[in-house]
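Both complexes below contain subunit A, partnered by subunit B and then by subunit C.
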Partner chain A sequence: MGATGSRLEKALGDQFPEGERYFGLENFGNTCYCNSVLQALYFCVPFREQLIEYYSNNKNPADAEENLLTCLADLFIQISSQKKKTGVIAPKRFVQRLKKQNEIFRSYMHQDAHEFLNYLLNELVDTLEKESLSAKSDSDTSSTSEKIANGPNISHANGPNISHANGGVQKEPLVTWVHKNFQGILTNETKCLCCETVTARDETFLDLSLDIEQNSSITSCLKNFSSTETLNAEDKFFCDKCCSLQEAQKRMKIKKPPHILVIHLKRFKYIEHLGRYKKLSYRVVFPLELKLSNTVEDSDAEYSLFAVVVHVGSGPNHGHYVSLVKSHNHWLFFDDENVEMIDESAVQTFFGSSQEYSSNTDHGYILFYERTTTASTS
Partner chain B sequence: MINSTSSNGVISSSSAASANNNSQSPGLKTYFKTPEGKYKLQYEKTHPAGLLHYGHGKTVTQASLAPLKDKSTQPSLPSSSSSSTSSSSLGVGGMRSAAAKFLGGGNGSRALSFVGGNGGTKAVSGTNGRVGSLGASSSSNLVGNSNFDAKGTYLIFNVGDSIFISDLNSRDKDPVKSIHFSSSNPVCHAFDPDSKDGHDLLIGLSSGDVYSASLRQQLQDVGKKLVGAQHYNKDGAVNNSRCTSIAWVPNGDGTFIVGHADGNVYIYEKNKDGSSDPSFPIIKDQTQFSVTHARYSKNPIARWHICQGPINSAAFSTDGAYIATVGRDGFLRVFDYKNEQLICGGKSYYGALLCCAWSMDGKYILTGGEDDLVQVWSMEDRKVVAWGEGHNSWVSGVAFDSYWTAPNSDGTGENIVYRFGSVGQDTQLLLWDLEMDELVVPVRRAPGGSPTFSTGSQSSHWDTANPVGTLQPAPSIRDVPKLSPLVSHRVHTEPLSGLAFTHESVLTVCREGHIKIWVRPGFSESQPSNSDPLLSTSLKDKAPVAGKVIMSSHKQ
Partner chain C sequence: MHRVASSGNTSGSSRPRREKRLTYVLNDADATKHCAGINCLAVLKSSAADEFDSLFTGSRDGTLKRWSLSEDGPSCSATFESHVDWVNDAVLAGGNTLVSCSSDTTVKVWDSLSDGTCIKTLHQHSDYVTCLASANKESNTIASAGLGGEVFIWDIEAALTPTTKSSDTTKDDGTNGINGSASTLPLTTLRPVGSSNNISLHTPQPQGYVPTAAKGHKESVYALAMNESGTLLVSGGTEKVVRVWDPRTGSKTMKLRGHSDNIRVLLLDSTGRFCLSGSSDSMIRLWDLGQQRCLHSYAVHTDSVWALASTPTFSHVYSGGRDRSLYLTDLATRESVLLCTKDNPISQLAMHDDGIWVATTDSSVHKWPAEVRNPQKVFERGGSFLAGNLSFSRARVSLEGSAPVPIYQEPSYSILGTPGIVQHEILNNRRHVLTKDSAGTVKLWEITKGIVIKNYGEVSFEKTKEELLEMVSIPAWFTVDTRLGSLSVHLETPQCFSAEIYSVDLNISGKPEDDKVNIARETLKGLLAHWLMKRKQKSGSSALANGDMPSGKDISSRTLPLSRTEVDGNAENDSLVYPPFEFSVAFPPSIMTEGSHGGPWRKKITDLDGSKDEKDFPSWVLDCVLNNRLPARENTKCSFYLLPFEGSSVQILTQGKLSAPRILRVHKVVNYVIEKMVLDKPLDSISSDGAFSAGLTDGSLRSGLKPWQKIKPSIEIFCNNQLLSPDMSLATIRTYIWKKSDDLVLNYRIAK
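Presenting the complex of A and B:
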């Protein structure tokens, strides 16, 4: 550890960013899924700062109840307050808490990094909502049931990525700083082909899960995500106006682009005839800058890539996770306790493979983009 | 295998060849249709099988077309000689584009530079397969002494740590020559058919080193090393960042430029010595364009600092007056080469730009990049005039088809239609028609920031314009007219890195070093002769340009 640390410091030299810390995270036996996501979140600077700020403002020494939020904040503070600039930290309390709280993560099996990210963000939201409620004392506890409805949504790898469905009659949900960072709104437009009425239903999301194709780009995957789908035959749409099942066209557009856009590539696909999941090693190129074209209004909002969680390995049930992080215009490679500087051009070695069997098994899995412009939609 | 070149050495499309190709790429069609007819896969070129060392896959193959002229005319060839005309017949112009393409290793593509040749002319006299023995029998290192006349059109491409040279007009899949580099990988190259002395081939390495050499001399040598080469930027003494793009200056008397991954372009003159103190002053502001001349008249003679981050491709206009660069920062920049001034430029929709190419008449520049768009830049309007939507991944190569003429062209020059092609990492070749009258501009707006550009005297504006101010920001998606492709065809199983047009075909190159030659409708069975009227007339005046690295093509 000391060796890699000093190597990194040497590589950065006097360009070592003021006040920044680059610490590897110890692996407690298949906890790389956790480490890779934690690094990406740590270098999501608005998230880190707001977490630490919230924690400092709300720390209640009397009520020392531990949860994932406090453990995460403690870990981030521990990293950022290190005297040394580089080194290794053991995220012991966080991992213990995670295992205690959710049995899925308790085993030593290989876990899915996206599932973990999703679980963690929803846990944070839950905790914030709970604390907000209790802060408001017991004036209004009526939304408890709704909170349960919006509770942790642990999807399997290819599951729905939408964690909160606002379909029905609901009260204004609490907008926490987690929401402010990660939440966007999708609108699901359905046009009845009989009466041409368009029904729009909004859904919030914390990340987008995209189907992928061989030799494609993220731009193209996003386009497919929003492409028009026809509902017919067995899958007709009940039109409220026609009061009957009708053929319809459906498409999903982004109504409110999030500040931090998290894109999950569905690399683990259930293959029916095999009866198991398979990893798709497809080459999917992701640009360092991105604009969303599948928005309701032309937003031209620009995003910049700042972290990539990479799955290493040929199958879904084993392998390794590492992450690439951009910090102060340098790219860093985090592999559990190791941290190295890499050239920006090395990012493209994680795009995937255009051949099915390839020696390259390091594939971008979760992409983190941060909005760089304030060009606003609505 | 297909060593049995037909007696006249003609390229012919043989069903055997295409069947053979097909077996290698299941699911890929061996033809595609356009309004003017079918383009058929004629043959493929690749590196010898079994070459899969570790370096493979780390570089991106680019290709250059090299029309080697008659030896007798070589030494002091006037540019207007008939041989130069014929050399251009293979469409060197188009090929170049491929070369200029993505040298940008930064993004991982490969370049293809073609040395276009007058393939037909000499019937290639069965050069393939015979080169070895011929070379051996006359293995003199001196061009002048060799009785080996390597005339013909060659295809130069890089794979891993080697440069391969194939005879474009033979059906032989394997190269006739390979040149191995031990220290670093060759990543870009360029050929000048009108070179006045022996050195016509340029090679840039990932270490930053640059070589110039004679292609004929390489073909005559039996070894696997580059011979008779001049070495520039040795061991990266001037600049140790990766070479990304290399180009001869058209009519430049042996002047060439090399683009690097750190945003600098160096200018060299091939017969000058290297400087003993080649260091240039530190660049104070990385974001600003600046030109520094060497203190003494030694190589490199100048440094142009263009931008932050890699320059992915650079291309000269056919007359050599302008140079266009595209790079990691997503900007296209057009410079007046002689006056060393930024003329205009603009940002991609988003992401890096990877390739660029000029139209033969210098009116338009194509760019392609990480926003999956093919962008058409108008030099007259100094802005983007169209976006081609159709690729499902990054656009890695663009080129105008200078040999194509609109079926109803009346030759008056009114309402010109341009044909161009693009290839992408989606493995597709797309062909497009650009008809300016047909473009529907959603909202006519003055180009942001420089509304005066469209009126008044250009030169006065160019003299007074603030160079930075002339760069346009990314256009909004609703302001740019969209084009749809005429044809889209999946040509390889691997991401593509370049394309080039020749008189009788379109060449597509993939990153891993496979090249496919698609013969145009009407050319499949017949061999073009060197007296092809179309070519000689349409290209006569442009002949000197033929070998440039520009990816241009032209429209008559």
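Presenting the complex of A and C:
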């Protein structure tokens, strides 16, 4: 493994980015779903920095209660503070904690990387909310505002960017730095075709799960995602204004695009007549630069691809996960312990295959885009 | 001549009836007013000089009304009640025929000059029928269109012909004719074969009239128009294109593109050369069908255009829509002027002499001056503007706040309706429903009597609802909707029979303390009291046809024997209508059902005229009211454990799980505990299966002087450490205190 490290160092040579570390992660038996996602998150620089910042601001040696957040932060700090530029690290504590906390991930079975990512982000949010709540009650009792143990990013937690949520949210939820990175708002618009009243319901998301088609692109999948659906025949809409069932047109729009847009391609589809899941190896082109056009507030949110979690294999219950990461304009390939430099053009070999039975089984599964244009609202 | 059980009736009863629902619609206002939005208008000019013109209105309340337009102002002269959902459109055709269409998927044909007789129900559509079009007023050609893209062209005379004969023969002498048998029998299965006794209902007859289908729409149709000679039909809808048809063949002639949203209204000139369309994209377009192109687009409205009407020469168009404004536009010069603004979106327009009738989504209709004969006169008053040709041009005007001032402030005539119910809440006692109407008035209804028992006026609905909150739990035996502007109460078997109540709680006297009634059964008996009475008279008169009994015809329908004493003499005790279930005769509710033969129908309970309707009631309703047979339903019992309160020294022997009716009160449980304590031996009658209540029924607290009563200790019953009031029922305890799905646990102890 020293050899791979030095090979990567050699390949980068003078261009090795200042202060950056590229470390492979040891596999503890089918933990590649975890490793691939951790690499993508580590190279989501704002997320990494905010996690470490929050952790160092809130580290409380008195109550050393371990949770996924502390384990993740410890792991990220461990990587970033390595003396060597490259090498391998065993994310032992993190994986142990994960297995302890959630039964699903306990077995040595093949796990779904998207499920893991979703679980991890929600777990982080829960931890932050819990800590903020206890910090609030602490500060309430002691009434010294300096004692608020929140990180700097959490201080104006109830941001205005969610206040226009239309009835769907009862109480203002806490907007943590995790939300600020990953959360976007979708709006579900329904127009009654009789009285033409439009009802809008907002919902938040941390990632978008898209249905995919053969030989399509992310743009067309997004277009399908927000295409107009007519509620008719046996499936009419109950219009509150008309007090009756009427035809209606319904569409989903991205109202507030997130800073980090995580797109999950639904490659694992339940096939009714087979009674099991099947992997769709469809070719879905994901561009390096993505423009969102179907948003309400920002008509042209632009994004740049920085990480891809790739599923390797032909079925849903077995296979392997690797990740592609863009760091300082170099593309790197992370496969558990191994880290290699790849050419940008190699990214397109992970789009999928046009034929059903292809030898190429490496398909982009989770895409991480970072916004390049500054948001006009937040 | 009193051959009441007609052939149609007997053969009908052998047909399976699957419908599970019976609905009744309550009203508390006089029947001369609409109580929901007006969807359509039609003007009938009088032919004789001494007669008045008539206006027909079709409403979301499910009825149509005819208004006699005398000099003293309009007055309601007939109500056409048979549709069971919104009336969406109505047109006049040849021979004083009124044709209406509804969201109940039917098209109905009426004699426009009658007192509300439905001549025929046409079942061809499978979804809401949204619009109708007729050629000229003498023609029999009409077209109907609706959701799902269905378009049919009818020859009304031909559609009526096959059944008129049988309709005559089966018509009963005592009927007032509403919803006669002809309209309740499917046209495909009914045809006259010799005498009426031989009508075959079982073999579908292909000879029934079938309309011409205009096939081609992939999506729903929301607008339809036909030219005067009936040679051209245009349709539009969510496909955003205007389709042109030859109504004689149903073939497509062309398709016109231009609108960017749903097409809501269409208009053809008398020659069929020009077509006007109004769309949800807020534009009005003028099409030249000869050249197959759009001549002009007019940006007049700031929102969807829903209604159009033109001057006879097609030189000017009146338009209304979602922006609540009525405009007049000169089609040639594009000059436009705001005539009036309304409080609600405008749904339809109808020219009448020099004025225009305007229907809105509230229950009123107004006539406005419009200078129909010389529209140029309106422009002379000033305030006109030039219509743009891009949809946003008017939106910008309204944003800038430079909206024009309407020419007219007051309508010349008004036909006022009553405000429709827009909000409702079923109270926990499941007999009262709180409603709020469009005027903000809050009322409390007793749905087992069909009356308003309290009018709160304009108060907060939410606050009143909270004030009326009662901690009782009664199964949901009915559902309610307000799409007709009034309360529609739906009873669906077998769920509707799930609620029972003690007679004592309804103040029904002369019943043992434990007597229970089934709320739905009593309600159905109350609703059908008039029908049952009529039926009895008829069967009585037919059985005693040779005797000297008076025929049903001779008994005045004004004396409704709704109270028990009047019926007592000739009925078994069971068919009595208890006072809490006596429905209003002044404002009788209407019954609606999907029907087994002729499809859905609606009728006032006081208009049900005996056995003839029987075949169209769902069989479960007849089983319930005639035979007292209720469907098998889920257990009305509640299982529970009775254990000593923690730390209590009292201990009685219980045999594990007990079972009792859900409406059993806590004081009965107290009695049980006392009885067991004093007797100090297990009651033999108690088993784990319902015998518990039986063991108690004879031990009435008030009546007996049983030994255990003399030394009655005071017992308290607890659930979840909460002391229970003696009035609480097991169901209430379960819902509000126990709050768990597993078996209820009650604790007892001697009061300190």
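In this section, the second predicted complex is superposed on the first by the 341 of 378 C-alpha atoms of A that agree within 3 Å, B and C clash if a C-alpha of one lies under 4 Å from a C-alpha of the other, contacts with A are read in each partner's own complex, and residues count from 1 in each chain.
Heads up, the rule we're going with is that a contact is a pair of C-beta atoms (placed from the backbone, for glycine too) under 8 Å apart; a residue touches a chain by one contact, two chains touch by 3 or more.
All figures in this text were calculated on a predicted structure; none of them were measured in a lab.
S.K.: Overlaying on subunit A: subunit B and subunit C, fit or clash?
M.R.: Result for subunit B and subunit C: fit.
S.K.: Between subunit B (first) and subunit C (second), which, if any, makes contact with A:217: first, second, both or neither?
M.R.: Touch status of A:217: first partner only.
S.K.: With both complexes superposed on chain A, which partner does A:195 reach: first (subunit B), second (subunit C), both or neither?
M.R.: A:195: touches subunit C, not subunit B.
S.K.: Which partner does A:82 contact after superposing on A: first (subunit B), second (subunit C), both, neither?
M.R.: neither
S.K.: When both complexes are superposed, which of subunit B and subunit C contacts more residues belonging to subunit A?
M.R.: Greater contact footprint in residues on subunit A: B.
S.K.: For A:230 in the superposed arrangement: first (subunit B), second (subunit C), both or neither?
M.R.: The second partner, subunit C, only.
S.K.: Which holds for A:67: it touches subunit B only (first), subunit C only (second), both, or neither?
M.R.: neither
S.K.: Subunit B and subunit C, closest CA-CA distance after overlay, in Å?
M.R.: Here the least C-alpha separation of subunit B and subunit C stands at 12 Å.
S.K.: Identify the residues of subunit A that lie in both the subunit B contact region and the subunit C contact region.
M.R.: In the superposed arrangement, which is not itself an observed complex, subunit A uses no residue for both subunit B and subunit C.
S.K.: If we count contacts the way the header does, which residues on subunit A are in touch with subunit C in the complex?
M.R.: Spelled out, the residues of subunit A in touch with subunit C are 193, 195-196, 230, 232-233, 242-244, 247, 249.
S.K.: Tell me, which parts of subunit A touch subunit B in their complex?
M.R.: Interface residues on subunit A, with respect to subunit B: 213, 215-217, 219-220, 283, 285, 287-291, 293, 298, 300, 302, 344-345, 348, 354-355, 360.
S.K.: Help me check something: in the complex, which residues belonging to subunit C touch subunit A?
M.R.: The contact residues of subunit C facing subunit A are 85-86, 103, 127, 147-148, 219-220, 222, 238, 262, 280, 303-304, 322, 345, 361, 422, 481-483, 485.
S.K.: Subunit A touches which residues of subunit B in the complex?
M.R.: Contacts found on subunit B: 57, 105-108, 261, 309-310, 328, 330, 349-352, 370-372, 392-394, 425-427, 474, 476-478, 493-495.
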